[in-house]
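What follows is a pair of complexes built around subunit A, which joins subunit B in one and subunit C in the other.
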Partner chain A sequence: MSPNRIRTEQEIHGRRGRPITDQDAHEINRVEELSYDLKIHEVMSKNLHTASPDISLSDVLKILRVNRISGVPVVEDEKLVGVISIEDIVRALQNNDLTETVGQYMTRELVTVSNFESIVKAMQTFAEKHVGRLPVVNEEKKLVGMITKGDITRGILVALQKDYKEEEVRRYRASHLFEDIISDRTTLVLRYNIKAQNFTLGGTASSNIKRALLRLGADAQIARRCGIAVYEAEMNLIIHTTRGGILKLEVEPHRITMSTTDDGPGIPDVHQVLQPGYSTATDQVREMGFGAGMGLVNIKRCVDSMELESTVGKGTKLIMRIHVPAENFNGRKEG
Partner chain B sequence: MNLNEVIELVDGITLTTDANLNINIQGGYGADLMSDVLAASQPNAVLLTGLTNPQVVRTAQMADFRAIIFVRGKQPQPETLELANEENMPLITSPLGMFELCGRLHKAGLPSFESNVS
Partner chain C sequence: MNLQQIIERLELDLLTDSRDFTLIHPEGGYTSDLLSCVMAGAKSKYLWVTLQAHLNIVAVASLLDVAAVIITENAKPDAATIAKANEQGMILLSTSMPSFEVDGKLWEMGIRS
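Right, the complex of A and B next:
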């Protein structure tokens, strides 16, 4: 692509007149998914109006008008023989032929879809055959319903609505936790045991913590700050401790506290480890992209307050706190 | 910029099977030091890196990256790929080197998402 090429409206704004967000992408995909998941029999109209080939076109017109539909299948001896629609009637009108029978003007070229196919099949057929409605038949080729583009749209909307409700219910349960539980002080505590030297699993606890915070209603920025701080702290436990340690998250409506505790080896000079670039990490750790002596500096930048206490031979405790604005966690300020 | 467009620009090959590629990438960030990535990146960018261990996926996830591109045709470790599929983080490998990769994306209009740390 030439950098100077003028981008199309579509490229700049996506398909809804604004940039496509993750949420949009998710929804687009869900609609695509639904068009395969939803079966024709789930969205078709089963309330069938039919015509027989020997009734007059003006009678059909009455059926269409009364039921506010634009076409009906034509059935003879319980067998589908054609479709008669407004377009056919318009043709008859041009010939001043409304007294003629359905049989004379109906479309006999039968395009049908099967009731157990996905709605995507109906959509393809609509596009290929340039028709607006399709008779639906079962395995015995018996007429069981009609499907229109409107039925498909409605079916997808209903399914999306159901998705949305389920998601709402799921989210409600978690994010209203602090509103629903009445106490003088509510704290949710999550604990994780971190093993020393287990690099492959490194970050799993932090990932779970970040996810939990988002589920609880924390905004993306706070979740990111906590995620980064706690991840650096988790990696420190993995890289530097003798026997691993405990990573703890405490969530309160107005504050998030993250802490790590371990039982050794301890830090001889806590001021020194807070200097940017100071590191005792091995080459193995450095090869993984860590151990640049930026971990604690980084944590400090992400949180509102940080405390580091350590005794050589006993262990280290790191406490990190982030204040939460009132709108997160639907938090009520403590009076 | 759509991720599919990014992949095309860097002659990339997508390695993950499940991750969604129809997403918007707002900027780029290149580094081999995960601490730098955690310290100085902004959310919603693509991460260009020569590291291939699982920590790259974790780092990207913590710092809200949308995708990872490995430079110089590097292939991730199996655990890395597994984790990326699990966490819906698209992994892409490009035959280009770091400089060329950054240059192409920048030239095509993708801004640097490296923030100033002082």
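Right, the complex of A and C next:
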């Protein structure tokens, strides 16, 4: 990657050249993203140790030793004129020259980075110039800090830690809803209006319900059971009702109640519709893979209790309940 | 066995967005065109082999959290279905083979139910 290259559309909008979906957002390498987001001035060390060109190398050695660093920028009249590092001092040692001045042995070839560039720029410069530290200058070319690979690693770790904490807080808030709100009986109610014959939206409410339950910290297995039951109930409203109906989810700490209510046509024989394989679906609907006569059977299998009441000409009410074992809505997730 | 190997061996066409399929390890398979049967029979991380190609397969696949849907006999989902699948992070694959043949090949590769 060349240093001044402009980022491609793909890099900005997602690596696969399309708008970023939730799934991608999860997969994008956060460190990669951070190397563009984090600016050099955010991670560099500002606590600057500098040397002037006329002090002796043994004095510099003392600065390096006391501060446990391996190099310092050399500044003369507030201007950056070079860098002196352990390697330069080793060269002087070979000549038995430690009394010489910094100016004699410092590296004058100045490679700097500017404070408002992304850390990716510093990383590229480290790689290209084979150096381990870089002086950071501002717009007036004045020295404002030093950056090392260690600073970058630390900066990224701190940023990741912050991300992680924010995510934790977000999760905590949703999953502790029931503990935080004190009442004699707290119920969270979600309602969905389901339109008859709208196959395009079929399963949308169920997907939303499953996601909501997971956000609330429900066990994955319970969210799955609710998802399947509520999907079958949602499809029944779409396939069989005259004017659609209402799908309702009531979440309590110990129980999840799902129900559908519609105003017709009603079921003549509720025992018959509970028989596996019994279906009144039209051929057209069957072609789409519905009408297997397994919907209510599936629901029964997934929930702890199911009640079906129907009056021909008036409508049908289906109530499904799943008991939540104690300690389930606490953010713990299982397989 | 990862999904990348399965896609290559069965020469499946990818209908949804590309991603690193070597990270996806299907844990079994289920074949049916009846959505309620799939709801009952397909487990999470299973491959679902079906002839159905309409929009509702995405909701079913996503509720069940299947590893991928293999649509057989060249049945082609429409653009809305593919868009919805991408939005939900579901993988749709296509083949001209009938479901029976796909199942046989998957079984040979060690995918069981």
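We take it that the second predicted complex is superposed on the first by the 293 of 335 C-alpha atoms of A that agree within 3 Å, B and C clash if a C-alpha of one lies under 4 Å from a C-alpha of the other, contacts with A are read in each partner's own complex, and residues count from 1 in each chain.
Heads up, the rule we're going with is that a residue touches a chain if its C-beta (ideal position, glycine included) is under 8 Å from a C-beta of that chain, and two chains touch if they have at least 3 such contacts.
Note that the structure is predicted; figures quoted are calculated from it, not measured.
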Touched partner set for A:Gly103, first subunit B, second subunit C, both or neither: neither
Partner chain(s) touched by A:Pro53 [first = subunit B, second = subunit C, both, neither]: neither
Subunit B versus subunit C as contact partner of A:Asn29, first or second or both or neither: first
Which superposed partner A:Gly132 touches (first subunit B, second subunit C, both, neither): neither
Partner chain(s) touched by A:Gly244 [first = subunit B, second = subunit C, both, neither]: neither
First (subunit B), second (subunit C), both or neither touched by A:Gly264: neither
Subunit B/subunit C common contact set on subunit A: 21-22, 199-200, 202-204, 206-207, 210, 224, 227-228, 231-232, 235, 288-290, 292, 294-295, 297-298, 301
Contacting residues of subunit A [partner subunit C, same complex]: 16, 18, 21-23, 27, 199-200, 202-204, 206-207, 210, 224, 227-228, 231-232, 235, 288-290, 292-295, 297-298, 301
In the complex, subunit C residues that touch subunit A: 17-19, 33-37, 39-40, 44, 50, 52, 54-60, 62-65, 80, 86-89
Touch list for subunit A against partner subunit B, complex: 1, 3, 11, 19-22, 25-26, 28-29, 199-200, 202-204, 206-207, 210, 220, 224, 227-228, 231-232, 235, 288-290, 292, 294-295, 297-298, 301
In the complex with subunit A, residue positions of subunit B that touch it: 2, 5, 8-9, 20, 22-24, 32-39, 43, 49, 51, 53-56, 58-59, 61-64, 66, 79, 87, 107-109, 117
